Amino acid sequence: MLESDKGTLTTPPRMGGGLERWAERHLRILMLAPTVLILLALTIFPSLYMFYAAVHKISPNPDLPWQFVGPGNFARLLSDTQFHVALRNTAVFTIAAVTIEFLLGLGLALLLDRFIRRLTFLKTVLMIPMMLPPIAVAITWKIIYEPQFGVLNEIMFRLGLPLQAWAGDVNLAMFSIIVADVWQWTPFIFLLMLAGLASLPVEPYEAAVLDGASSWRQFWDLTLPFLKPVIAIALLLRVMDALRLFDLVFILTGGGPADRTKVLSLYIYQVAYRFADTGYAAAISLFVLFVTIVLSTWFMKRMRLAE
Amino acid sequence: MATIRTRSRRREMLLRLSAYLVILVALVLTLFPVYWIAANSFKFDIDIFAVPPEWLPRNPTLKHYEEAFIERPFLRYALNSLLVAAGTTIVSVAFGTMAGYALARFSYPWQWRKQVSFWILSTRMMPPIVSIIPLYLFFNYFEMLNTKSALIIAYTAFNLPFATWMMKSYFQDLPVELEEAAMVDGDTRWGAFLHVALPLARPGLAATAIFCLIISWNEFLLSLIITLTEQSQTLPIGIAGRVTQYKTHWGEISAAGFMACVPIVIFAFIVQKHLVRGLSLGAVKG
Amino acid sequence: MVRKFCLALAVAASALAIAGAAWADFTILVPSSAEGDGLRAAAADYSKMKGTKVEIVQAPYANVFEQAANAGATKSGVFDIILMDDPWIPFFAENGHLEDLTPYFKNAGMEGPDDDFLSKSLAICRNPYNTGPYVCLPYVGNAQMFFYDPIKFKEAGVETPKTWDDVLKASKALTEAGGGRYFGYVFRGGQGNPVVADFMPIFWSYGADLFNADRSKVTIDTPEGAAAMKTFMALRDVSPKGVESYNANEVGTALAAGTAASSINWPDWVATFEDPSQSRMVGKISHSPIPAGTKPGSSEIGHWTMGIMTASKNKQEAFDFMIWATSPEQIKISAERGNPPVRTSTFTDPELTKQEQFRHYPVLMEAIQASTPRPRHPKWPEIENAFGIELSKAVAGTITPEEALKNSQAAVEEITGLK
């Protein structure tokens, strides 16, 4: 680490006016300032608003005063069955989707890294899904899943398999959402894993080969530990995004059938904008924020990411 | 990766063959839905729902492109998206790079580096749905509703944490010695950053830029609330508008959706060399 | 160096941040669908004629409500007029977002809207329903109609479907003969608004309703409700698999593609069925008012109405525009642009009705006059959501129809506080 502030490097002689000298001296603050200020400006107000709203009952009528209810909105979380359903669905979705994306992404990256390393072109092609607008992705999958005219059922029909209602089937709806999400976001994990693999050091592998370690052992003892930080960040980012899944559910199922795909952000959206219950929506959001922060702090500690 | 223990050539061939097969399947699965958007955009509505499906448009038509880009202001939406995405990317990459460099290179009192890093990341964890109401109030107060600048500011807030973290880990992996040498040669601190660290970080910048570009090009929820007219509305809003109460205009949506991915894909191919390399040096090492 | 870099940044940032909207004389929020396009065209005519600048804000249908609610709750005054779906009226009116139009009518020397408007179209524009002051004016006259394929129905032994029993009889035969590729009936089963919208007409046709007449009791779990539910479930059994995620679009497409014989839908589809680029069934789809159950059939009304927001600063201009846009001449132009009218004179205008594309007008007018509004309650979105969840569960078969009625009764009692 460069510790110039402590004087390892002296201020060079070739300096301009007072402003530049001043800027140079406070560089560590100045370089950080824009980011911190922008984030402060745009998160402080929403956060305060959210905390304040969460302890009030807010009528959509702007002429009525906000009514202080203390922890009332949070108490509602305990008895609200729709919230519990949404919580469970979100957990199922997040765990399933991120696990599948991770396994597929890592597997594909390993294969490409080992067998066709040179074809950058191919790698970029495999990344196309994550570049599409999620709303267009959702609508495309809707056409694919369509039970009467969809391509998927046509393929099932050709293969002699029973036709399914996919997004319209109680038991397959969540699965259908997961498949669409996996399709769009596996490339993200794939890209990060490729990057991780490309920066692996060579020497340990040469040593392992000399020791006669099998490919499996090499993967388990060398590749995986080396990749750990990349894996950690990839999972963290994906989990954070999976927790706020919205577009796919909004377009494909609207939370149905039978509430099987109602996820938290859809529920927050309904409470905030359909039922116009801002206070309660803020309470649910705070809960989600709290869970996200606790989870990621724990995860980062475990993975020693903050260092 | 390293060579594998000597084993029979046949087994290696078999392995290679099955690997190619898996990659081929992955390619087909990846590309089919994209192809399907493209194919549907050239079909009449009735043919989109043909049974069995028309794998190739039998009666190709440009009708939906006309509807989207001539009858409806999708060109305008695309231009807005482009300006907003470019603006966001420039601002987030510039600020994120500086912040990332500062967090990677400078020391701060009281463990600030760790705290600030985590705080920056944690701003990304807020569920966007509820921050919409306060953001709406915020932009309304400054009379910035329905402006592209408001979108750029909001998106920058969403992209900065990611950009900062990517660049921070990238700089951490760059050797310090080069910058030190430049400073010994009489360069300023800022000069060392600008002339030495920045050029070395070019692949990292490319990778960060494409992520910012993808996210701001495709963002939906914030744009929905902040923008009102075609003066500032972006492509995803235009696309969502074609799902009406009575009807979903599949053809138009396919045409617009397909055109929406073209610029990003082109950009991805231009920077593809940097993409993997940019992430690989550091990026994600933490 | 620092200065140069910062300067470059500032220039880049400000070059990209192009100035905000120059707000017009008044602004209208509309959905980005046929209704919005129609009003947009009318506003353009108005601007040309009067020299006033009218700004049109188009939002996706699903988001018009929250755009308007946001503007109302924050008193931002960005919109002067909003084009509303009629079930939203109680929410906006009872939360103080909508201006009472009475003084404006008085100023203009009018008692209220003239009686050329259909009475049902005017009734929804008053809050409380049919008795309170006017808070908006009707612009697009929608009500559900029953669409069916007369040839197929005749094959199945039903000449004209008059009752739900007729529909059921024909659908059953057609679905059985269809071998999983053709169905007698199809409906919107998507959770929330869709499934509720396609259940309500059946519900009403059996004399059931969500509330009793003076809205003091929830009346979902009643013998009438059970009878309606029985028919609904029987119809589900003859509908294609997957209706659980269907909305108006999928239902219309099934008829247009010729894979289903009948459904409830909005008049917007009449034109689509007759367009060869969108339909295989040109000239083959008939329509009628909603079939009867034990009581006469009643369709759900789905009007688009214009109201003035209380935070508006241009209320008089807005009112003048609304009066102009709903005048007989303008409603006729609007009809010619593809939006169903709200005036008797337009519905019966021989110049229109003799044209093929308006041949559904007599049926639509009948449907509107026999329509029922969705229960007028400021918490309707919440009620619809709760009811929609239970109906979706019943359609998917995860609970029995009896449980669905019981749960809905309890949920709606909880939301409305009526026990």
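Labels for the chains are A, B and C, by order of writing; each one numbers its residues from 1.
We adopt the following convention: contacts are C-beta pairs under 8 Å (C-beta built on N, C-alpha and C of every residue); 3 or more make two chains touch, one makes a residue touch a chain.
Predicted, not measured: the structure shown is a model, and the values here were computed from it.
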**Message:** Farthest chain from subunit A, going by mean C-alpha coordinates, please.
**Reply:** C
**Request:** State the pair with the higher C-beta contact count; candidates are A-C and A-B.
**Result:** A-B
**Message:** Taking the mean of the CA coordinates per chain, how far is subunit A from subunit C in Å?
**Reply:** 36
**Message:** Rounded to a whole Å, what is the gap between the Cα centroids of subunit A and subunit B?
**Reply:** 14
**Message:** Show the residues in subunit B shared as contacts by 2 or more other chains, in ascending order.
**Reply:** 49, 51, 133, 137, 188, 190, 240, 243, 248
**Fill in**
Check: subunit C positions touching at least 2 other chains come out as 1-2, 62, 66, 74, 253, 257, 259
**Item:** Numbers and ranges of subunit A residues touching at least 2 other chains
**Value:** 20, 23-24, 146, 148-149, 278
**Item:** Footprint of subunit B on subunit A - complex, ascending
**Value:** 1-6, 9, 12-15, 20, 23-24, 27-28, 31-32, 34-36, 38-39, 42-43, 45-47, 49-50, 108, 111-116, 120-137, 139-144, 146, 148-151, 154, 183, 187, 191-192, 194-200, 202, 205-206, 208-209, 212, 214-215, 218, 223, 229-230, 232-234, 237, 240, 243-244, 246-247, 251, 264-265, 268-269, 272, 278, 281-282, 285, 288-289, 292-293, 296-297, 300, 303-307
**Message:** Quick check on the complex: what are the subunit A residues that touch subunit C?
**Reply:** 16, 19-20, 23-24, 59-63, 82, 146-149, 163-170, 173, 250, 252-259, 270, 273-276, 278
**Message:** For the complex, give me every residue of subunit C touching subunit B.
**Reply:** 1-2, 5, 9, 12-13, 16-21, 31-34, 55-63, 66-67, 70, 74, 76, 78, 85, 181, 247-249, 252-253, 256-257, 259, 265-266, 268-269, 272, 276-280
**Prompt:** Of all residues in subunit C, which touch subunit A in the complex?
**Reply:** 1-3, 62, 65-66, 69, 72-75, 91, 94-97, 180, 189-192, 194-195, 240-246, 250, 253-254, 257, 259, 379, 381-382, 385, 388-389, 392-393, 395-399
**Residues on subunit B engaged by subunit C in the complex (per definition of touch)** = 44-46, 49, 51, 63, 83, 86-87, 90-91, 94, 133, 136-137, 140, 143-149, 152, 188, 190-191, 194, 224-225, 228-232, 237, 240-248
